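Next, two complexes with subunit A in common: one pairs it with subunit B, the other with subunit C.
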Partner chain A sequence: METRRRRLLLLVLVGPATLILLSTSIVPLVYSVLLSLQNYNLTDPFGRRFVGLYQFVRALRDPRLWQATVTTFQILVPSLVIELVLGIGIALLLNRKSRGLKAFRACILLPMMVTPVVVGLMWALMYNTNFGILNYFLSLVGAGAVEWLAYPNLAKLSLILVDIWQSTPFVVLIVLAGLQSLPPLAYLAARVDGATRWQTLRYITLPMLRPIIAVATLFRLLSLLVSFDVIYVLTGGGPGSATETLSMYIYKQGFVLCDVSYASALSYIFLVASIVATTRLVKLTAAPSQQYSGGGAS
Partner chain B sequence: MKRALSLAFVLALVLGAACTPGLARSYRRFDGVKLEFIMVDDPQVYAIRKHLPEFKKLTGIDVTITEYPLSSLMEKQLLSLISGTGKPDLVGFDLWFVGAFGRTDTLLPLDSFINELKNDRDFDFADLLSRHVEGYRYKDRQIGVGFIPVQMLQVYRKDLFESPKYRSEFKAKYGYDLKPPETMKQFMDVVKFFTRDTDGDGKIDLWGTATQMQRDDPIYCAFTHFMYPYGGEIIDPKTKRPVFNSKTNVRALTDFVTMVHNYCPPGTLGYGWGDMTAAMQKGDVAIQLNWNVFMGEYEDPSKSKVAGKLGYTPTPGEVTKRSLLGGWGIGINKQSRNKEAAKEFIRWLLSKETDLAVTLSGGAAPMRVSTYKNAEVAKRFPHGPASNLTAAYSTPPPPVPEFPAILEIVGLALSEAASKQKSPKEALDDAQAKLDDVMRGAGYYK
Partner chain C sequence: MSNGKRDTRTAAGRARLMRSIGYLLAIGLVSLVFLFPIYWMLATSLKSRVQTFTLPPVWLFKPTLEHYVQVITERQLFRYMLNSLSVVVSATLVAVLLGTMAAFGFVRLKFRGSKDLAFWMLSTKMLPPIAVAVPLFLMFRQLRLLDTRVGLIWIYAAQALPLAVWLMKGFLSDIPIELEKAAMVDGCSTLGVLRRIVIPLALPGMVATALFCFITLWNEFLFALVLTGTEAKTLPVMAAGIRTRRREIWGEVGALGTCIALPVLAFAVLIQDYLVRGMTFGTVKR
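And now, the complex of A and B:
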């Protein structure tokens, strides 16, 4: 009797949450799998039928998908590397007790607080060829007006710049938190052993920060992979398809061309590729740090 | 005798009432009915919303307009219509996507309703801009009717075109009088002529024109100014085969790219509608081909340096006289439980009184010729006659369900050519192959 009552209580407590989870997460997930196995275009509801893996085969033969993949990495890799280097550098600078640093810390985190759409609109004004502030500064040194978003490479560079501006503070925040949690004893020991500042950074700080950097890298990687808002506002994927990233391409298929089945198939391909990439990254970065912390403990 | 006199009195009253000018027509009452209307976020909608309480007073119908950004509108509307829930009751859809909406067979055929309006003398159907009614036909049925008529026109700086200095200089250089262009050849001469350094500081500060270059809709609109007058097409209307890489289109795209790179302000490659409008408002350009809905912005002295200095003419021709038609139409959900109330809303929305009232309270595009003739409207919208003349020879894009895909392919090709990633010929050839895939895949030919 007691067990029965206990089971009933469990059901009452867990049931609603399970139902909500099922309806908001699992059902759409299953539905999108079903969609990816059909040829459903919203403009042709009567032509909807089961087509098996056709959409996935179509994706593999789609040159624009491969182009979008290349474009994604052309924007992702430089953004990620520069954000990490700058983020770690700034965090090291901020990790000291000095006057005014608190205010500076607060200021440097501001870009992270701004909504991506607002960031896009703000930078669209700054990149404006005729009255943008960037070209104004360039004109002060006698340089001509730059058409920031008009040409493929420059448009990519402009997007990278915006991402660095907005997301470096995130890396700073994480690394700074990591730095402040490092054990002071290790530094004391290094100083006793006569280590230089560079040696301390190279052999103490960075290895101990490795798991923290891995987390920052993972978050930034995921965020860059699905980056959409700023690209949509600034370039819309153009000029041509120069800034058409994977998420932009999937959006176009689903929302502009209303080809929801193909968009679902592309999303699943994208999801699997992202999981593989991030899992690999976690393995690469996490393993040595565990050995390190193990060694440190002994 | 007494009876005959009473009858005559009643008859006289009825006839008198019918002939009284400005008497509001009577609307059917649907007390307690609520209508949902999904539409794009547009200033015209804000103006319509101001008058909804009047409609409720007349009919008892409560209308709720929900606006969505253009980027997600069509997908939201199609999903709602296909779901079969009967909501929303009304949708405001893009003229360009008549084919896409038509194929879903979710909009109520309005043919009998249109006939009813045609027979309603008070309604004066002939006063509506006919192109914006006809444009909403899909195959053999009317699936909507225009309520925001958008059409192109040519706007130019009268102060520059009437300047004796420029007139004599132009005549000496080109051998004919400086006037608003009637052909694209003249248009190219004019934009080349006006691209100049006016203050002698060595920098160009007046540009021939500015246009809209963002993917996909903006650049599509801009290119049609060349393609249509030159005699080009994207899809052959009869065979439905793509003819996008024709010699005519290669020439049109070459001239278009030349214009953008030489006679438009720096940064034009990234311009949208707002940017090209701002270029004119700032007085940076001499002439422009733009949509009628932006002209009110040009004539507002608080926003525009060129207010009162502008002239308006129909768009230029070349081999043919043809321009692009745009706009928004209203359709009724086939599954709506309030179809009759929805029809009453359309009747009210397109009536003379509402069209005028909406225009006077901020609407940018009247649907009736008579509204343009109103003294106050004519003062605010001096472009009216030019805009309506252009509409007479304007056509919407191919009314096929595959148009969203066509637009995306064409937009990409034009953008690649404009940013010099490909030559005009290469861009058009690539697009032709993709268009062929789309049209062949849709079963128009084998």
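And now, the complex of A and C:
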């Protein structure tokens, strides 16, 4: 009797959340499998047929898919590395117990809270070739006007800059939180042993920060992998297809060209690849998190 | 700081003062870089049309609200704001309510597979949104939910649920279980404990969670872009449709951006103590 009531209670408590999440994750994913095995194009609803694995074969031969994969990483890797280095650097520089730090935290958290679409608009104004403030600053140091969004590589760089502006604060805040929770005893011991500042940083601070840096890396990686909003507003994937990331390419196949079957197949490839990549990263970075090993004496 | 002031005559005191000044300068410089784009948008929205693209830029000007008036009258700001508000607030309420219930189940009534289920909920957040956007679009079309607020509320509630569950899990496990046990000894049922003990104690956490869900959903773009058309269009989708190439409307772009971003920024400052916790789904507590 008791267990039956307990089960009922659990069902009432956990059931609704589970149902809603099922309906928006597993159900569409199953439906997506069915779609990817057909050749359904919304512009041609009567030509809908079962075509087996054709869409996946097509994807493997699609140069634009490879291009989009490369583009995604060309934007992702520099953004991630610079955000981590800059974020950890700023956090180390500013780690002190002071009233200034609290005000600083309130200021620096603002960029990451601004609606991504608005971030795109805001930078579009600043990147404008003739009247943008960035080119004005450049002209002050004697540089000519730059067409920020007109050339393939420059457009990628512009997107990287925006992401660095918006997401470095995330790394700073997480690392600051980690720094302020490190045990003071370890530092005392280091001082007693006569460690220099650099040695303290290298053998005490950074190894102990490792789990928190892993968390920051993982969250940045996940959101960079699927970033869409700012690209949509700022470049729309252009010029040409220079900033067309995987999310952008799937969006165009599914909602501009209306090829929903092909978009589903692409989604699956994207999904599996990102799951494999992130689980490997989790194993790589988070494994030795709980031990105070020899301080990374490799 | 007062220490440094007291013994500026000694060399060590002077060095300490210099270090403090250097520290404040560093803080100021970093803040300046990160705040400038936001300031620039705000300034653009308050300048007159000509001033918005004058170079060198006008740093001191008489603020005007003409662009805000334009955004309200010509771009129907309030209509889209009402769409955004009603969808986001409803979805937030659903997510916090269901999320708190589920979190209570996970924390206090541990059952076989409860850990796996909680992790599965978190993992739905790792799904690339674009990967489910296509099938959801077709499902919505079949169910006649395209371009309706109800449909968007459903999706948004699901978007916020993992966040709500994991944040509330953290907040609920902070509550000492002795209080609940004492209430049970006094004859309170489990649901009674939830209503009389847990929810009142977890209320600050619930408010922080709700603000977090609100911010996340208010900023959401992709699902709103794909699943709404004209009727249920939200603010970010409307804003993304503006052409920034035409410099004559820069003031409007600034005003619109400010109207969208400002409420969220205000909330963000309110919950800054929980920020790290929220942004990492409770994995980093402080």
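As a working rule, the second predicted complex is superposed on the first by the 265 of 298 C-alpha atoms of A that agree within 3 Å, B and C clash if a C-alpha of one lies under 4 Å from a C-alpha of the other, contacts with A are read in each partner's own complex, and residues count from 1 in each chain.
To be clear about the criterion, a contact is a pair of C-beta atoms (placed from the backbone, for glycine too) under 8 Å apart; a residue touches a chain by one contact, two chains touch by 3 or more.
On a predicted model such as this, the values are computed, not experimentally measured, just so you know.
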(request) Return first, second, both or neither, reflecting whether A:Gly240 touches subunit B, subunit C, both chains, or no partner chain. (result) first
(message) Is A:Leu109 touching anything from subunit B or subunit C once the two structures are fitted on A? First, second, both or neither.
(response) second
(request) Answer with first, second, both or neither: which of subunit B and subunit C does A:Asn128 touch in the superposed model? (result) both
(request) Go through the superposed model and pick first if A:Gln199 touches only subunit B, second if only subunit C, both, or neither. (result) neither
(request) For A:Arg96, decide between first (touching subunit B), second (touching subunit C), both and neither. (result) second
(message) Under the stated touch criterion, name the partner, subunit B or subunit C, that contacts more residues in subunit A.
(response) C
(request) Scan A:Gly254 for contacts with subunit B and subunit C and give back first, second, both or neither. (result) both
(message) Based on the A-chain superposition described above, do subunit B and subunit C contact any of the same residues on subunit A, and if so which?
(response) 128, 130, 232, 254-255
(request) Please give the residue numbers of subunit A that touch subunit B in the complex, ascending. (result) 42-46, 127-130, 145, 147-152, 232, 235-242, 252, 254-258
(request) Please name which positions on subunit C make contact with subunit A in the complex. (result) 23-24, 26-27, 30-31, 34-35, 37-38, 40-41, 44, 53, 55-57, 98-99, 101-102, 104-106, 109, 111, 117, 120-121, 124, 126-139, 154-155, 157-159, 161-162, 165, 190-191, 215, 218-219, 221-222, 225-226, 235-237, 239-240, 242, 244, 247, 250, 253-254, 256-257, 260-261, 264-265, 267-269, 272, 275-276, 279-280, 283-284, 286
(request) Sort out for me which residues of subunit A touch subunit C in the complex. (result) 6, 9-10, 12-14, 16-18, 20-21, 23-25, 27-29, 31-32, 35, 90, 93-94, 96, 98, 100-101, 103-126, 128, 130-131, 133, 136, 165, 168-170, 173-174, 177-178, 180-181, 212, 215, 219, 222, 225-226, 228-229, 232-233, 246-247, 250-251, 254-255, 260, 263-264, 267-268, 270-271, 274-275, 278
(message) Touching residues of subunit B toward subunit A in the complex: what are they?
(response) 71-72, 74-75, 78-79, 82, 99-101, 103-106, 214-216, 265-267, 269-270, 284, 401, 404-405, 408, 412, 415-416, 418-422
